[in-house]
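Structure, as C-alpha cells:
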Amino acid sequence: MNMELSRRQFLAGSGAGLAGTTIAALGFGDVESAHAVSIRPFKLAQTKEARSTCPYCAVSCGMVIFSAQSKSAPGKMEIVHIEGDADHPVNRGTLCPKGSAALDYIRSETRVKYPMYRKPGANKFERVSWDFAMERIAKLMKDDRDQNFIEKNNDGTTVNRWTTMAFLSGSSCTNETGWLTWKVARGLGLLQLENQARI
Amino acid sequence: MFPPLPNPTTQPVPPKFGDKDLLRRSATSITPPEKRQTEVAKLIDVSKCIGCKACQTACLEWNDLREEVGVNTGVYENPHDLTPASWTLMRYAEYENPQTGNLEWLIRKDGCMHCEDPGCLKACPAPGAIVQYSNGIVDFQKENCIGCGYCVKGCPFNIPRISKVDNKAYKCSLCSDRVAVGQGPACQKACPTQAIVFGTKDEMKKWADKRIADLKSRGFANAGLYDPPGVKGTHVMYVLHHADKPQLYSGLPNNPAISPIVELWKGMTRYAGFAAIGAFAAISVLHRVVAGRSVVSADDERNAKMLADKNMMKEKTP
Amino acid sequence: MTNSWTDIKNADVVWIMGGNAAEAHPCGFKWVTEAKAERGAKLMVVDPRFTRSAAVADHYSPIRPGTDIAFLSGVVNYLLSNDKIHKEYVRNYTNAAYIVKEGYAFNEGLFSGYNEANRSYDRSSWEYEIGPDGFAVRDLTLENPRSVYQLMKQHFSVYTPETVERITGSPKDKFLKVADWVASTATGDRAMTIMYALGWTQHSHGAQNIRTAAMIQLLCGNIGVPGGGINALRGHSNVQGITDIGTLTASLPGYLAMPTDSEPTLESHLGKRTFKPLQANQTSYWQNYRKFYVSFLKGMYGEKATKENEFGYNWLPKLDVAYDCLRMFETMYQGKTNGLICQGFNPLMSIAHTKKSIAGLSKLKFLVSIDPIETDTARFWENHGEYNDVDPAKIQTEVFMLPCASFAEEEGSLTNSSRCVSWKWAAAEPYHESWRDADFLADLFLRIRKLYEKDGGKGIEPLMAVDWSYKDPLHPHAEEVLKELNGKALVDLKDGEGKVTRAAGQQLASFAEMRDDGSTDGVQWIYTGVFGPNGNLAQRRDNSDPSGMNVYGSWGFAWPANRRILYNRASADPDGKPWSEAKKYVFWDGAKWTGADIPDYVPTLPPSRGAGPFIMNPEGVSRLFARGMMAEGPFPVHYEPFEAPVANPLFPKIKGNPVARVFKGDMEVFGTAKEFPIVATTYRLVEHFHYWTKGVHANAVIQPEFFVEISEELAREKGITRGGWVRVWSNRGAVKGKAVVTKRLKPLKIDGKTVHTVGMPLNYGFIGEAKKASPINTLTPPVGDANSQTPEFKAFLVDIEPISGPVA
Amino acid sequence: MKGGEVASGDAIHRGDPVIVDRYKVDARINHWLTAGSFVLLALSGLALFHPSLYFLTGLFGGGSWTRAIHPWLGTFLFIGYLGLFIRFWKYNLWTPTDGTWLAKLHVFLRGHEEDMPEVGRYNFAQKCVFWSMTAFILVMIGTGLVIWEQYFAAYTTVDQKRLAVLVHSMCAIVMICIVIVHVYGALWARGTLTAMLKGRVTGGWAWRHHRKWLRELATGKSDQTPRGTPAE
C-alpha cells in the first residue's frame, strides 16, 4: 500500500508540474504584447512662452521661458521650463550650465519667500509684513539722514550730501531699475553708491 | 555654424515615431517595419568641447532628474560617475602629447551611444523593457523594466545604471520626447559651442568630415570619427583629435563590441542548456522503459525479516 | 566691448588673456569656436592656469599672475623693434606723430612729477607740445625724438623676450609665438580680437593692463575693424547697462560726471569738460557735454529744473571724495556708515579682506538686503562655525532680508556686454511675497518723502525736487522709465529755418537732437533712440544679417546710435577706402559714409576734411601716449603686485604700484615672500555664477565643493594628495579645501627662482546648497587699482599645507 | 570508516514486513523545503533565462517580483542545503566499496542490485548527487551574490558580473539535470519516495538497496564483513 500511496503522490506531483503550462495556455504568454511603447509626452505642449534674458553673465543670452497654471497656487502661472532662444543672434538657442539650470534658481530652496527681520543681537530672522519692514526702514533712514545730511560744506558751498548711508546696486537689475535706483539714491543725497562694475 | 533648430512649439503635435517604428524589442521577436525611418545621430565634437557641463544641467532640467549634491574628490568630474539621475557626464583627461610636448585637456561627454547593435537590449530578459526605434534611438521603457541589471552587463560602454529607489534601469533616451516633435536633445540645444550637433546620421557624418579636415590642418594627423563598427555603428558619434587612441578620452573603448561572454550567455548557453535538460529527461524515460523499475522482491523482505528476527531475539534472551 | 559678440566670428586671431571666456562666457565663446571652424582662426590663451579656454586653444603660454604688463610690453617691443606695425593706421589714427612737450621724463620706473608723500603725480608734464595755432604739434615722419612713436620705442625697449621670461616666467619660445601671431594681424587684411575680463582688471595696475593691450591693437590697426577690438567680457547680465546708468559713486548716467565741491556752479562743472579740438577740423564730440548734462537735469528734476536754478544742478549731492567699494567698506570699518542697502549684491563675498568686511557690517545700525535668494551678507551676523565664526549677540545691526522678484518675474531692458539693449518680458507674477525692485524703490522713496512732509527735517528741498511723475507712482512701469532714459522734446524743436524738426512731447530719435537750453530732457543721452518716435527698439527681434558679416542691426538697439562696432570709421583708410576687401566694413561711397554698420562719424563729412576717426577725443585720434588720463603715467610700466614673490626685477626699489591707494593700517596686512612664498590667484568656475548658483541645486550638483588647484610638483613638495584636504593662508586669514592636483598648473622660473602658483575658485560661501566654505576673500588684500579701485584679487601671496580635514 | 552508516533515529521494527525508520521528521521537512525552494528557483531562474519562459514570472507576480524573489530563494536554498549537508555529509564519505560498486555500475543500471556489493546508507550515485549539489550550490551562491544588483552591484566590475552571470546560468542548467537524475532515481527505485515522505522503508527495500546499513542497524555494530549468505 505504500507503493499505491507513492504512485498517487507522483501523479499529484506531475499534475503540479503541468500547472505552469496550463497557466501559459491561459494566456500568461500575452504579457508582452499587452505593453505598448511609451514616449514621454512633450511637456511644453499647452504652455505659455515668454522671451526673457539670462540673469547671469553679460552675454545676456536670449531665453524662452515656458509657464503653466500652477498646481500649488491656483490662478498663478508657474514656470515649468527654460531653454535658449534659437532666434537670438548671440546665443542661438544655447545656454551655459548656469542658464540651463535657471529653473532651479527660480525655485531655489534658499529663495527668500517673505520679508524677514533680525533684531539687534538676535540669532535668528523672524517673518514680518512688508508694511512693517518698509515703515521701519524708512524711519531708520529718515532719522539718520536728519542727523547726518550736509547742506553746505565748510566753504559754504551747497553740497546736499548724506554720507552715512550706502547703497550697493545690483548689476543684474534692468536699466529701468538702475535708473530708479540712481534717482532715489541721489535724490536722498547719497554718494556711497556702487555696483559690481569694479569687482 | 550648424543651423540651429527653431524653438519648440507649445502646440500639441503627434509624435513622429512610436510603436510602428520598432526595430527591436527586448525579449520579444517582432517583425521590423519594412520602411526604416531616417537614422538620426548626435555628433559630439570633442575638439570644440569646453567641458562646461551645460549638457549635464540641461539634461537634469529637461528630464526632471534630481541628482544629489556630492563632494569634490580632487577632480572636475561631478557627479563622479553616471547615475540613475545623471544620464550624461563630462569626463576630463590630462594628456601630455609626446609628439608636441603640449598638454592637452581631453574632455569627453559620456553617455549612451545608442548602438545600432544594442548590447543592453540583447541582454534584457524583460519583454519591451528596452526598445530600438528604426531611427536608431535605443530607449528604456520604465514600466517594463524589472531591474535585473542584465543591460548593465550587456552594454559595451558601461552606461545603464539601476536606481536604488525604484530598482529600474536608467540612461540617456536621446530625448526621444523632443526628437519625436522635431526637436534636438536638450544637451545639444544647450551646448554653447555646438560641440554637440544633432541631425540625420548622414548629415552628421558630413559635418564631421569638415571638422576632421580642420583638425588635420591644425596638426592632428589622426583626427577622425568614432562610429565603432563593433556595434555596427552608433547614433552618438565623436569627433576625436586622436581617433587612433580613443582610450585617451577617459577610457573610451578602442573597439567596442558586445562582450563575447554576453554573446555566449545569451546564445549557446540557452540552446545547450535546453538540450541538456531535454536529454536528461529523455534518458530517464528511456531507462525506465528499457530497464524497468527497481522493485523490492519478496526474498528481500524475507531476508530482512530473518536478519531482524535473528539479531533482535538475541537481544531479548538474557 | 568695442566690438560685438557676433563680430568675434570675423577674427583671424583670437587672443584670450586676463580672462577665461570659455568658462566665464561660454555662449559668447561660441563665436571664437565659430571663427576657428569657419575661417581657420587661431586661438591663443595666456593664463596662469591651463583653463578650459586653453583646452580648445591652438597655443597656450603660462604666465605668473600680475605680470601681464611685462608680457604685453614685450609684444609692443617686438612689434616696434621688428617694425611689424600697421604704419598708416598708426601714423593717421593714433597720436604716434604727436610731439610730447619738454619736461616729460621717465627714469627708475617713475615718470616726471612724482610726489612720494601722497603717492601721486603732478601730471602737467605729460602733455603735447602746443603750436602757435593752438593745436598740438605733429611730425608725420615719426622721426622727431620727442614724438610719441620714438618715445615709445625707447620706453618699451627694455622688454626683450629674455626680460619677459625673467619677469613673467613665460618661456621665450611660447612668448615669441604669441608675439608673432599678433604681428600677423598688422596687415590691414587680417584682424585680431583681444578678449579679457577680471583677470586684467583685478590688479593694483588693472587699468594699465588693458591700456597696454589697447596699444597693441592700435599698433596692429585692429581697433574699429571687424574681427578686431579690445573686448571686455563683463560679468553680470546688465553690468554694462548699470554702468551706463552710472550707479557708481562719481558717475551720472551716460558717463557724465558727478559735481564736486570744487564745482559750485553748473558752469564751473561744464567748463572743465567741453573740450576744444586739439587738431583742425576735429569733431571732439564731448563739446556737446553741456547738452547732455542739461537734458539729464531736466529729466531728473522735470518742471522744477529751470535756467534760473541752473536746472537744479545744486540739488545734486556734491562729491567730497570717491566712495568706491573699497572706500565704502573702509568707511564702514571706521564706523562712519550707519545704513546699507544691498540690492542683488552680496558684498561680504565680493569685497576683499572678509575679516574687515565682517567688522564693517557689524558696525552698521541697519542693513537691508533685497534679493531673490538668500545671500551670505544678509546672514553675516549668523554663526556658521569656522566658515563664519561670529557671535550674533555681539552684533547690534538690524537686518532686513526682503524677497525680490527673480529675473523671470519682471520685464525691462538689459544691455549686454556689446552694448546691445534688448527687452525681456515677464513669464510669471513675482513668486511668494516678493516685490519687483522698482516697487521697492518707489515705495521706499515715497514713504520717506511722506515722513518729511509730515514731520519735516533736513534737506527737504532736493528730496522733493526729484521728478516722480509716473502714471502709478508706486509702480513705475518699465516702458515709461525707458522713455525717460531716452528723452523727449519739451517744446517744438526747430532747425535753422524755423522748421519744426521735433514736436513738443515727442520722443527724441537721437542725442544729436538734445539742447542745452532746457528744451529737451533725457537722462541717458547714450541711449537716446532706444525709445524714439518709432517706439521701443529694445524690443526689436529681427535677426537678419544683411551684410553677411554677422551684424544684426535690427536686433534690439546698440548704444550709441545703434552702432555695433565703435570707431568703425577706422576700418577705412584716410581716403575712406577699406583697408582691404576682407575687412570692408564702413567706407566713403563718394557722397556719404556707408557699409555694414552705422558709421561712428559724421555721416556726410568727407575724408578730405581730415577729421580723425576717434571723434570723442579732441585729437580725433587714439592715444598711445595717454597724456594725463592715467594715474600711473602716460605709458604702462611693469609694477609688481603688492604681494609678489620677487622684488620688481626692473625697478627693485618700487613696491607695487607707486600710486595705488593704500588705506591707513592696510599696509600692515600685506604678507612678504619670506612668510608666504606661494602665489595665489582666484577665479570663476564655469559651473557657477559668482555667489548665486551655490544656492541653485543643479549647479551645486555639478561643482559641489570649494577646492584648491595645485601643481603636481607642489603636491609632491608638500606631501599633498589629490582629493586630500589642504589649508591655505595669507596674512589676512585662512581657508580650507580639497586639493585638485593637476598638470594644468606648473611652477615657473622667475628671476632665477622657482615660483609656485595655486588657484582657488571664488564661488563658495556658507549659504546655499553647495558645501559650505570660507569666503575666498578671507585671503585677498584690500588694495585697488589706482584708477578704478578694483581690488587685487588675482595676484597675492599665501602658504599651503596638507591637513586632516576641517573641524566641523 | 568509523562513524558507521547509522544515523540517529534510524531504527528497525519487527513485523511483516519489517519496517525501518530512515528519515526523522525534521530531516524530511528540511529536505522538502530545500527541494521546494529549488523548484521555485529553477522556475524563476528559467523565466529570466529565456524570453520563451518569461511567462513563468506570472507565477511570482511579474518580472520585478521574480527578479526580487529569486536571490532570496537562493539564500533560502543555501541555508536549507546547509542543514542537509550537516545531517548527511558523513554518510556520503568515500568508502572502498564505492570503487567496486562503480565498476559494476552497468549491473546496477540494469536493475540487478542483488549482484551489487552491499552499500551503506548511500550508494555511490547518491553520493555523487550529494557532493555535486554541494559544489554547485557554492558556485551558485557565489556568482548569485555578484549579480544581485540590488545589494552587491558596487562590489564588482562589469566584466566580473558578466562572467558571473554566465557561470551562474550554466551551473543552473547542470544542477537541473542532476536533480532530474535525483528525482528519477527516487521514482525508479520503488519505495524510495516513501522514505522521504513517511520517513520509513520496508526491510526488503533496505536489504535490497542499503544492506550494509540494514545490517548495522540490526546488529548495532558497524562491521565491514557481511554476515550470512548473499541474497539469492
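Every chain is named by a letter (A, B, C and D) in the order it is written, and numbering of its residues begins at 1.
Operating definition for what follows: contacts are C-beta pairs under 8 Å (C-beta built on N, C-alpha and C of every residue); 3 or more make two chains touch, one makes a residue touch a chain.
Since we're looking at a predicted model, the values are computed, not measured.
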Item to check | Which of A-B and B-D has more C-beta pairs touching across its chains | outcome: B-D
Checklist outcome for this item: Of all chains shown, smallest offset between own Cα centre and global Cα centre goes to A
Item to check | Longest centre-to-centre distance from chain C, chain (CA-based) | outcome: D
Checklist entry - When the centre of a chain is set as the mean of its C-alpha atoms, what distance in Å lies between chain A and chain B? => result 34
Checklist outcome for this item: dist(centroid_CA(chain B), centroid_CA(chain D)) in Å evaluates to 40
Next on the checklist: Suppose each chain is reduced to the average of its Cα coordinates; what separation in Å results between chain A and chain C?
Outcome noted: 29
Next on the checklist: I'd like the Å distance between the centres of chain C and chain D, where a centre is the mean of that chain's Cα atoms.
Outcome noted: 85
Checklist entry - chain D: which residues touch two or more other chains? => result 54, 57, 190-191, 202
Checklist entry - Among the residues of chain B, which ones contact at least 2 other chains? => result 1, 27-28, 52-54, 56-57, 60-61, 127, 144, 192-194
Checklist entry - In chain A, which residues are in touch with two or more of the other chains? => result 31-32, 48, 66, 82, 84, 87, 91-92, 94-101, 104
Checklist entry - Okay, in this complex, where on chain A does chain B touch? => result 31-32, 35-49, 64, 66, 81-87, 91-101, 103-104
Checklist outcome for this item: Touching chain B in the complex, chain D uses residues 12, 14, 16-18, 20, 47-51, 54, 57, 62-64, 66-68, 109-111, 113, 147, 149-150, 153, 158-159, 161-163, 165-166, 169-170, 172-174, 176-177, 180-181, 184, 188-191, 202-209, 214-215, 218-220, 228, 231-232
Item to check | Touching residues (chain side chain B, partner chain C) in the complex | outcome: 1, 47-54, 56-57, 60-61, 66-76, 78-79, 94, 96, 102-105, 107, 192-195, 210-211, 214, 217-218
Next on the checklist: Per the contact definition, I'd like the list of chain C residues that touch chain B in the complex.
Outcome noted: 22-23, 26-27, 29-30, 33-34, 36-38, 40, 50, 52-56, 58, 60, 686-687, 697-707, 721-724, 737-744, 769-771
Checklist entry - Can you list the residues on chain B that touch chain A in the complex? => result 1, 4-13, 15, 17-19, 22, 25, 27-28, 52-54, 56-58, 60-62, 127-128, 131, 139, 141, 143-144, 173, 176-178, 180-181, 186, 189-194
